[in-house]
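In what follows, a single structure is set out as structure tokens and then discussed.
Going in written order, the chains are labelled A, B, C, D, E and F, and every chain counts its residues from 1.
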Amino acid sequence: MCLRAIGYGCGMELKVTDLAVGRGGAPVLAGVSFSLPGGQALVLRGPNGSGKTTLLRTVAGLQVPMAGQVHGAEDRIAYAAHADGLKAALTVAENLRFWASVFGQSDIAPALAAFDLEDLVERRAGQLSAGQKRRLGLARLMVTGRDVWVLDEPTVSLDAASVALFADAVRGHLARGGSALMATHIDLGIEAETLDVSGFRAAAAQMASTDEAFL
Amino acid sequence: MPDLGKYADAVLSAYAVSIVLLVGIVVLTVWRGRRVRAEMDAVEKRSGRNG
Amino acid sequence: MRALFFRDLALALRAGGGFGLGLAFFLIVVVLVPFSVGPQSALLTQIAPGVLWLGALLACLLSLDRLLAVDWEDGALDLLATSPLPLEGIVAVKAAAHWVTTGLPLVLAAPVLGVLLNLAPSGYGVLVLSLALGTPALSMIGAFGAALTVGIKRGGLLLSLLVLPLYVPTLIFGAEAARRAAQGLDPSTPLFLLAGITLAVLAAMPFAAGAVLRVNLR
Amino acid sequence: MSLWEYANPVKFLRLSERVQPWLWAGAAICLGVGLVWGFFFTPDDFRQGSTVKIIYLHVPSALMAINAWFMMLVASLIWIIRRHHVSALAAKAAAPVGIVMTLIALLTGAIWGQPMWGTWWAWDPRLTSFLILFLFYLGYVALWEAIEDPDTAADLTSILCLVGTVFAVLSRYAVLFWNQGLHQGASLSLDKEENVADVFYIPLLVCIGGFVLLFLALVLYRTGTEIRLRRTRALIAREARSAGLHAEGA
Amino acid sequence: MRALFFRDLALALRAGGGFGLGLAFFLIVVVLVPFSVGPQSALLTQIAPGVLWLGALLACLLSLDRLLAVDWEDGALDLLATSPLPLEGIVAVKAAAHWVTTGLPLVLAAPVLGVLLNLAPSGYGVLVLSLALGTPALSMIGAFGAALTVGIKRGGLLLSLLVLPLYVPTLIFGAEAARRAAQGLDPSTPLFLLAGITLAVLAAMPFAAGAVLRVNLR
Amino acid sequence: MCLRAIGYGCGMELKVTDLAVGRGGAPVLAGVSFSLPGGQALVLRGPNGSGKTTLLRTVAGLQVPMAGQVHGAEDRIAYAAHADGLKAALTVAENLRFWASVFGQSDIAPALAAFDLEDLVERRAGQLSAGQKRRLGLARLMVTGRDVWVLDEPTVSLDAASVALFADAVRGHLARGGSALMATHIDLGIEAETLDVSGFRAAAAQMASTDEAFL
């Protein structure tokens, strides 16, 4: 099923070619290439500090690549990381409605339902437990109408039931023709390809850094 | 030494302040430059050895 | 953009940051002035327009450092940057919300506080007008400063340092207009110049602020 | 070969190393000759007495304070448009020198003002704009110091430099407007056409030349230091990388 | 406790917050006063002691809101509360670090800025003395205010609102001493009173602040 | 092995009797009782929002119980939650050394070794990846010299290798006579008793709240 009508750019592929990414001027990963067609998910794996977050931020356009290109990402990405961007003073519904209208959407009910937040709609975000907050942060994805979800450790602090809710949400998203790129240390129970980023560790000599001019 | 008259204090302190500041920035610049250069040489030598 | 504006207003109202407190700071600065310079009313009358302008400026400044920093810290700015809204628009809207929650109350409160400082009767109208014309520029320039310092922990004081010299022309023309009016002189020239500055700032500054924010976000 | 080739750090260093001895020597000679000449061998002014000798420090430093900012503006533009690292680093290197020049102008002016105007400081438009310039310098340097990533810092400070320049010019006019007719002090400062005879003028020119050369020498030297600092940083980063690789490979 | 003190100093120095910037704010407030009240030097001389005291107070105030908030936000305060250090000691040490990074530089800079405002020559000594006696009280009272508002998002302005009235006695006696000295009168009475206030604040306030912090943490 | 000399109050039991805890004035758990002798670990389980964090904060003394008592907790607890209390501007070593001296300890080497932080000692905490930060936060426990570790979701963002490091650290701590109370959603591989807090959900009527006087 392909819901182009509600903004899904179905069939368009996210294509990363020979990407090199860095943090604080130092190269972290180099030579990363993958493509992520609609309807599929790709899970990034790798030990702590291997560069998953850096890669995801680059794909989301939050930092510039040191080399290589990201194609098909403009205005298609919904990004979610540790910092949820939730306002403690606003209620669950207000938080969601805000993000919905930023992305030009209006209906927040499916998102609330998918993450079992209906009982909490009137609760202030600051009064949620860690896992409830996370659920709200993930529900935000569903009101963006974006078709590429870029997720950094989405299941942190979730209990088993919530992880299942999340997996269902991702499956639904994939079924609608969306795609998902996720970094995680645990098994999500979603059929997805895996990419181990530790294979792409940047050898210092091999690639350019911003300080290259000085070497 | 020229006769500076009643304004001696003003003129001398103006020269003193300026010269202190000028010499200060020059000394600071050179001192830091030397240090950085030495540090760079050390690192260059080290990394040259390592590969 | 509308949603962002109203969210910022709601946050300012609810988080105990907004309306009341910028005002309270203004009030207290104005109240502390007699304690510090002494209570002679002639002296107070003389400095009243200036103190009111300076107080408004400082009250505005004090609330700047959270203008973008809060959204930066909780990740909302990253998310906004990946949203369809342009960064220029985001900064402009946030500056507008800042003005509504800080500048506007100051404009409305200034005449009341003028009484405390024995402001000359002829000064009230132009004081309010000059604040109304000038405070939008203060908010927009402040947003630029906030965008410059957004990634820096404890950036508040650095922000003041960067922003205050930028406030000088606005302050000079604004205070000059209020002072002239209080002395019974014609305030129209400084008022025109003030309006000119504000217009130019509102037209050009969002782009500078957007560019700076883009650099800081990457 | 185009001029931009010198934006390459190595080429820049090589060239700057070649001209620097001449700059330092020229600065020393000009400053030595100019200041000794001015201090010992010029007559007193009929109105200002010996204080006129302060002019040999005050005017050159004031000029260089403005020129340093102008240089930073040009360097910032070059960085924004063409992204030559050397240019950004030159702007960074010039700022503290500019601060020192501004300080000298302010302090010598204040010391001069005490006997001439009877006060250390007056809110004369010229003095005031200088104070504002000083604040801009402080903010600029503080921003450089506060940001860790050098390229981000270069971007932000260049934009600050552009915006600051606009507002500095604006402040200059605002200040002129603000203090019009209120202050008589400015009329006391001696006017070139009126007072500055050749006896003062020529040593003054020599001093100005000395300040210019000193400024250039300092900025080139400091730019070199900044380049080396970046290079050291890059080398250390590379070293840490490869060390990590070896450790992991083992 | 030593470790906490030096950590706070290190953070102030490194995070670009510390020494320089409180000072910069003081400088800028003092510089903006002539722009707002006008450049007449007689007027400036008259208000100089008051403005310098008020400027120092505001510079001190501006850096308060991060005094405890940073440690609260990143959880360090929770961890310190479960450590062997008494909360009273923690607040007192943080106030001391705040004074060293903010109050002390203000004291040292005040005479220089006095020049800008045409302070009468007889005023310099007492101005510095009164600031040296008064600013420790400002830091300690500020720490109490920071402890009161520590759990509140955007507590900065609320903090000002709470703290400024508490600053009034210190400000009155400090500014009065400086003003008397500048006018050639005997400043000893306000100076003694100022010293008394500071001593009392330093002796008692850590306990109030500790108690408040304990409530906020639970 | 019992190291009372280095501050372990061995044999002393942490004893919680009939504890009721609440958040924002509303009761969350009631009637919780357990005891935790030295050398043992207790794992709290329960779905998101069931009150694990609230319970742990109460045990650590960060909030007051609504009813019941906590015995044997004074000055024995080292608490670690999501917020690590790390200063981004300080290096790894400086952060650890600070906490060591707050707790009157001095040697940070074992902590660095246990969490594999030796290569990162000179790195600023702000430049660590999520998992590296967490490791540093956990290493802090080892420089407290405290014998009751109270941990709220300690393994969030850790990779498998780091979880193993953590489990080893906990085992070492237990072997030295310490004890540990942990809330977690995943399996840590530590032999420990489990307490499911969802059984203690407070019925609103059943217990007194701070507003009781108004009822």
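The criterion applied here is as follows: a residue touches a chain if its C-beta (ideal position, glycine included) is under 8 Å from a C-beta of that chain, and two chains touch if they have at least 3 such contacts.
Remember, predicted model here, so these are calculated numbers, not experimental data.
Trainee: Compare the CA centroid of chain D with every other chain's and tell me the farthest one.
Mentor: Checked the centroid distances; the maximum from chain D is F.
Trainee: Could you work out which chain's C-alpha centre is the most distant one from the centre of chain A?
Mentor: It is B.
Trainee: When chain C touches chain E, do the two copies use mostly the same residue numbers, with over half shared, or different ones?
Mentor: Over half shared, hence same.
Trainee: Determine which two chains are connected by the greatest number of contacting C-beta pairs.
Mentor: C-E
Trainee: Hey, how far is the Cα centre of chain B from the one of chain C, in Å?
Mentor: Taking the mean C-alpha position of each chain, the two centres sit 42 Å apart.
Trainee: Distance-wise, how many Å sit between the C-alpha centres of chain C and chain E, to the nearest whole number?
Mentor: 24
Trainee: How many Å are there between the centre of chain A and the centre of chain B, using C-alpha atoms for each centre?
Mentor: Chain A and chain B have C-alpha centres separated by 52 Å.
Trainee: Between chain C and chain D, what's the gap in Å when you average each chain's C-alpha atoms?
Mentor: That pair's centroid distance is 32 Å.
Trainee: By the touch rule stated above, which residues of chain C touch at least two different other chains?
Mentor: Residues 15, 73, 152-153, 155, 158, 161, 164-165, 168, 172, 218 of chain C touch two or more partner chains.
Trainee: I need the residues of chain A touching at least two other chains; which ones are they?
Mentor: Correct list: 24, 82, 88-89.
Trainee: If I count partner chains per residue in chain D, which residues reach a count of at least 2?
Mentor: 132, 135, 138, 142, 146, 178, 231, 235, 238-239, 242
Trainee: For the complex, give me every residue of chain A touching chain C.
Mentor: Touch list, chain A to chain C: 60-64, 75, 77-90, 94, 97-99, 101-104, 140, 144.
Trainee: Sort out for me which residues of chain E touch chain C in the complex.
Mentor: Residues 12, 15-17, 21-22, 24-25, 28-29, 31-33, 35-38, 43, 46-47, 49-51, 53-54, 57-58, 62-63, 65-66, 70, 73, 152-158, 160-161, 164-165, 167-168, 171-172, 175, 179 of chain E touch chain C in their complex.
Trainee: Applying the document's contact rule, which stretches of chain D touch chain B when the two form their complex?
Mentor: Contact set of chain D toward chain B: 35, 39-40, 44, 49-51, 53-54, 57-58, 61, 96-97, 100, 103-104, 107-108, 111-112, 114-115, 214, 218, 221-222, 224-225, 228-229, 231-232, 235-236, 238-239, 242.
Trainee: Would you tell me which residues of chain F are touching chain A in their complex?
Mentor: Per the touch definition, chain F meets chain A at residues 23-24, 46-49, 53, 82, 127-132, 134-135, 153, 156-162, 185-186.
Trainee: Any idea which chain D residues touch chain E in the complex?
Mentor: Counting only chain D, the residues touching chain E are 110, 119-123, 128, 131-132, 135, 138, 142, 145-146, 178-179, 182-183.
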